[in-house]
Amino acid sequence: MRLLIINPNISEDVTELIAAEALRSKSPDTELVVRTAGYGMQYIETRFESMLAGPAVAEVIAQNPGADAIVVAAFGDPGLPALKEFSRVPVIGITEAAFAAASLLGTRFSIIAISARITAWYRDCVESNGYASRLASIHSLTDPLRAIGSVQEDHAEILVELANRAVTEDGADVIILAGAPLAGLARQVRDRIPVPVVDGIGSGVRLAEAIAGMQTGTHRSGSCAPPPLKDRRGLSSAVDAQLSNLQQGDRQEANS
Amino acid sequence: MRLLIINPNISEDVTELIAAEALRSKSPDTELVVRTAGYGMQYIETRFESMLAGPAVAEVIAQNPGADAIVVAAFGDPGLPALKEFSRVPVIGITEAAFAAASLLGTRFSIIAISARITAWYRDCVESNGYASRLASIHSLTDPLRAIGSVQEDHAEILVELANRAVTEDGADVIILAGAPLAGLARQVRDRIPVPVVDGIGSGVRLAEAIAGMQTGTHRSGSCAPPPLKDRRGLSSAVDAQLSNLQQGDRQEANS
Amino acid sequence: MRLLIINPNISEDVTELIAAEALRSKSPDTELVVRTAGYGMQYIETRFESMLAGPAVAEVIAQNPGADAIVVAAFGDPGLPALKEFSRVPVIGITEAAFAAASLLGTRFSIIAISARITAWYRDCVESNGYASRLASIHSLTDPLRAIGSVQEDHAEILVELANRAVTEDGADVIILAGAPLAGLARQVRDRIPVPVVDGIGSGVRLAEAIAGMQTGTHRSGSCAPPPLKDRRGLSSAVDAQLSNLQQGDRQEANS
Amino acid sequence: MRLLIINPNISEDVTELIAAEALRSKSPDTELVVRTAGYGMQYIETRFESMLAGPAVAEVIAQNPGADAIVVAAFGDPGLPALKEFSRVPVIGITEAAFAAASLLGTRFSIIAISARITAWYRDCVESNGYASRLASIHSLTDPLRAIGSVQEDHAEILVELANRAVTEDGADVIILAGAPLAGLARQVRDRIPVPVVDGIGSGVRLAEAIAGMQTGTHRSGSCAPPPLKDRRGLSSAVDAQLSNLQQGDRQEANS
Amino acid sequence: MRLLIINPNISEDVTELIAAEALRSKSPDTELVVRTAGYGMQYIETRFESMLAGPAVAEVIAQNPGADAIVVAAFGDPGLPALKEFSRVPVIGITEAAFAAASLLGTRFSIIAISARITAWYRDCVESNGYASRLASIHSLTDPLRAIGSVQEDHAEILVELANRAVTEDGADVIILAGAPLAGLARQVRDRIPVPVVDGIGSGVRLAEAIAGMQTGTHRSGSCAPPPLKDRRGLSSAVDAQLSNLQQGDRQEANS
Amino acid sequence: MRLLIINPNISEDVTELIAAEALRSKSPDTELVVRTAGYGMQYIETRFESMLAGPAVAEVIAQNPGADAIVVAAFGDPGLPALKEFSRVPVIGITEAAFAAASLLGTRFSIIAISARITAWYRDCVESNGYASRLASIHSLTDPLRAIGSVQEDHAEILVELANRAVTEDGADVIILAGAPLAGLARQVRDRIPVPVVDGIGSGVRLAEAIAGMQTGTHRSGSCAPPPLKDRRGLSSAVDAQLSNLQQGDRQEANS
């Protein structure tokens, strides 16, 4: 099985964190292709930054055919669920994957985030994915970040403390450490948090493998089917071609 | 007062319909600037097409400073609420405006749409805007459209019939004729529908005037404030400059 | 355009605050008729007091024909949505108007109120209008009020502080200063609150103008149409006559 | 135990139906005082008619002290929950009582109503009481009523048919026959409907007895406590006096 | 009328508390049969412990025919709503009864519980019964319990304090003292809490009398009807026989 | 990895269907242990039957230590979420797994079930798991079943037709074929349904592998931690021993 994992922001050091945790998380037979968005923001913490990232992710999808499933590796799921229309293979965000994993592990979860600004967008994600009744709380770092690639080193202690407070005070049964910059932290701090701790990248990789492995068939109808063919102008050539290929029903050309 | 009205799709004939109804709807002293997206789709009926349109609308916003309020004139509100971060003046979608208007007019509303595919995306909008308890039903045309610019001429009869059915069978107190291609139809068919009939463009223009007129102040904090400054790469020069201007707090340069 | 603005409580000094802010808020061509309820309470802070006010507002509506729209100017919207059945022109409460305005300005809003007792009733309004997912928090003064006409003078500082706390701690994108006794305070304190600040009277006036300007047609069917004619006894003569007129479909006699 | 049962409309023949079913439903030791509203509508089927009825019910409450609990006997619960502030003894609507009874009997209930217009108001009641997840469906007669006092004689067959359809097609576990004009019908048709059938009057009487019998204490704080004393003008003398008595905390004078 | 009251845990001292409060609460003519589960836990504070209790309660139901209604007397309602399928007479949990009683008394209620662990399960109950919009808060003791039979003696002061805090800080209109070990405490502390205080056992007894008294008929169809007959193996002989009897429609043999 | 898969009903032919599809679905390195409940019902279609099955599943869990994850293989998830307290390894129901998988594949799903009676219980599951906003519809066979082991052979055509209707009429993006007796049908009929088709057993196996593979840590606190030790009586010896082991924190003895 081959997974295409896409970092929707432009920070190569975050891509490296993602790749490292994806490698630790994947099943033995899974092959990984990890890519960084071609344009966009250093990291994504607002709805507007997420909106800019969606088409950048689409472009990476169009440029990298041949995957069995695609993982969008920024918490907040830029471009989702729209991107599910844009490939014949499953496109899964690490946020929706983390919510699903957390919900299978326990009743209510808390999200620990890396910036105060980012929490409103995460709350949107919880609600739009239908998990509002599962949310115990969202907590975040409040200090400005020294560097996006070193968040987990710089702030591990306070992140663990926020997690433990969510368990004790908010009734969290599961903790989600949210944000690609925290990739890999969960496995390091699990012993210090008395409930399961979910990593976005780990969730994305494992659940993408699971969903692809189920071979459930494709969207040929309904709201996740490819967009109907119509006039278009000014799209990147890769995106433009993928739109045509998806409609021509030619699996080889589209995404495999 | 000056309104910037943006058609997020690339169809000039739809822009003309929008401009005509905006002119009929506006207050006497309001000045209109109507623009068409620089790239994108002929019309927007899926989540993916909407996702592509968001950045195109941002570009038009950045290129057209000086408005007192901005109206995003495609039902489904491409780029909203993210675009509220991207201007110091109110950015209002015709969908959220139509929902607000309908809710002030009556208890529950129905949406009449121009394609079956488009209804799932509209339902998303109802839910993400928090109006699910207000929705009586969504109905749509089912035949393929001959041309996007002539939908209301071609299908007025069936649209009126769908509206009346929503009143009788679904308990709608208000009808929303949804989609910029239907701009202006509401005022033509009001006598044939026994409840108030809301036009997206009319709602967008009138509510943008109202909101701008209230002079409520700007977002300097919270989730609709401009994104924090950070490294970025590959954005259009207009969008890139607007992001800097917004942060520099220079109202003159940003959007007026 | 002519607006009928009704103060549902019996305090003339509150009516003056309402009239002054309505004058500041209205469009140039709008004519205002401001009336005070003929009987009732000094101010309204409970569900029971609101229940008593509904018929008093109905009486003012019946006694003042000729408006293009009617604004019920007490936060909590006494008599709404029932009063929408009682006129051929739009009847809009300042609460539903403030919620609609706040929702167009940002994602989540907080309400700042003038008494602790009043907050339960306001929460009912948020829920019955379907805005529960938009509510960040409700905060209120806790000290007894010296006089209802001087609340904003007496308590401006603490009101601003409560608003700022809602932004910082509760994630409010917009602040609603709730209650007719606060009419006009928003425009005075906007510079000291880093998100848009919504005034109920301003919202009611501007949105009533907008809705009336849209000319969406009347309720001839559905749950907001006039009540079916039936035997009645003991109603005030004005209300009794309006019920007959509404059914006779005679716009001239009913409300214009 | 003494129950005060109030018919919020002015139809004496409906009061007789209420009194007869209340007599059949009550516990042996319960004493009934049945009263009709002093003014208002022949029957109540819209939000506006319900709004007019609330103060009329308040007047009957104020004029009839000495009850251990009060039952407001119109489906839709005019004046509730506001009237809970207006007495030291429990004030219970037959609608909220029927919803509570139906919820204790089964998982989801359907409401069978006597007019199409009335269903929107009933839906409001379901939602404002928080029972939306319990509602299977609402069905109603559609023909005009010959007379309000003979609805159940005239339409028993179709009402039973609607109930059976709700069981078979909508998954109702319990049927509520809604509206005081149907008082007593439930016990006549139970054998023909294969799930429990709830009568509003029976629910109101039995649950009022139960709640009064629990002797849970009074509202001296919170949103159901009597309104704070303040200036008022033009209220009926009985209502005015009750407001004073409630605040003076004099149980003997207020309602017993 | 005869009520079968079942303590789902194995603590005889809790059964005695239940029996004593049931005796104080019941109507004069009601006869009580109080039974303790034949196997299970000392007290129930988790979902798993509740799951084990359900079949134990079913066995007591099957072994004690002849009741007019059955009360399951552990807060959290072990085995409900499933047990409604298992008898021709109403089966009512003290939790659903307390929620219904609290909702008839006021708008929002708080739950005061005896252990921190138990609160998650209670929250499940609030949500699965559809009362989430009615819940103000849940508070609990946090110290370990000396003995389950003496909780109310040992902790009355702090329980009253938690209740008063729920009124003042959380806006509770009604307090539910939750858990059979608190049976009878409500009537002792009512004077010290300024809103109605609901006892689970009192609610269960009174509402079971009320529902049984309404004689609404039985579930012969729908999701609360007896399970369809099918092969089964290894059930207790009493449960096995009751399943057959329920299907044979023989009221005399099943539960009366 | 070793999965323990438990059929909560007593039908060995259903266990065989489960085992066969689990074998087809699992990853190469996964070892399966498939067990049938020791007592209970031929198949489970009501809440009561599900309640009886919970403890039977607990017994199988206690008797079969050494798994890395446990799959409860009846749609409706008997014993869940309570059973999550009863093992140190993840316990996952096929229903929650199917809902999670369907939600990752598309926006809204429909459930196709094998009996009309079963649908109310499935609806409970959708709601208690928090997926109500994701549900497009539930449809079911209505004819009585000839035999539980041959449902899919006997009714494949009508099941496919129901699925297609859910896509066309209800807007389903994903179809869940619900119920262990349908295990394996999804992969046979995928080509005839134009959206992804989810199999409960496939979901349960694949998602249990994924969750176990994430090694998120155990519940040592919160509402899914093992029940606190307390007196108990009459439990099966295996369940009794597991409760002690879980508390002693001895992973070797408990479940591995």
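As written, the chain order gives the labels A, B, C, D, E and F, with residue 1 at the start of each chain.
The rule we apply is simple: a residue touches a chain if its C-beta (ideal position, glycine included) is under 8 Å from a C-beta of that chain, and two chains touch if they have at least 3 such contacts.
Keep in mind that this is a model prediction, so the values were computed, not measured.
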| item | value |
| --- | --- |
| Intersection of contact partners for chain C and chain E | A, D |
| Smallest count of steps, each to a touching chain, taking chain A to chain E | 1 |
| Farthest chain (mean CA position) relative to chain A | D |
| Where chain E and chain F are represented by their mean Cα positions, the distance between them in whole Å | 29 |
| Mean-CA-position distance for chain D and chain B (Å) | 44 |
| Contacts with two or more other chains, residues of chain F listed in rising order | 81, 107-108, 120, 124, 127, 133, 171, 173, 222-223 |
| Chain contact graph, described as a line, ring, star, complete graph or other shape | other |
| Pairs of chains, among all present, that meet the touch criterion | A-B, A-C, A-E, A-F, B-C, B-D, B-F, C-D, C-E, D-E, D-F, E-F |
| Contact footprint of chain F on chain E as seen in their complex | 10, 38-43, 45-52, 54-56, 58, 79, 81-83, 85-86, 117, 120-121, 124, 127-128, 222-223, 227-228, 230-235, 239 |
| Touching residues (chain side chain E, partner chain D) in the complex | 25, 27-29, 81, 84, 90, 92, 96-97, 100-101, 103-108, 129-134, 167-168, 171-174, 186-187, 190-191, 193-199, 202-203, 206-207, 209-211, 213-225 |
| List of chain B residues in touch with chain F within their complex | 119-120, 123-124, 127 |
| Chain C - residues contacting chain A, complex | 107-108, 133, 171, 173 |
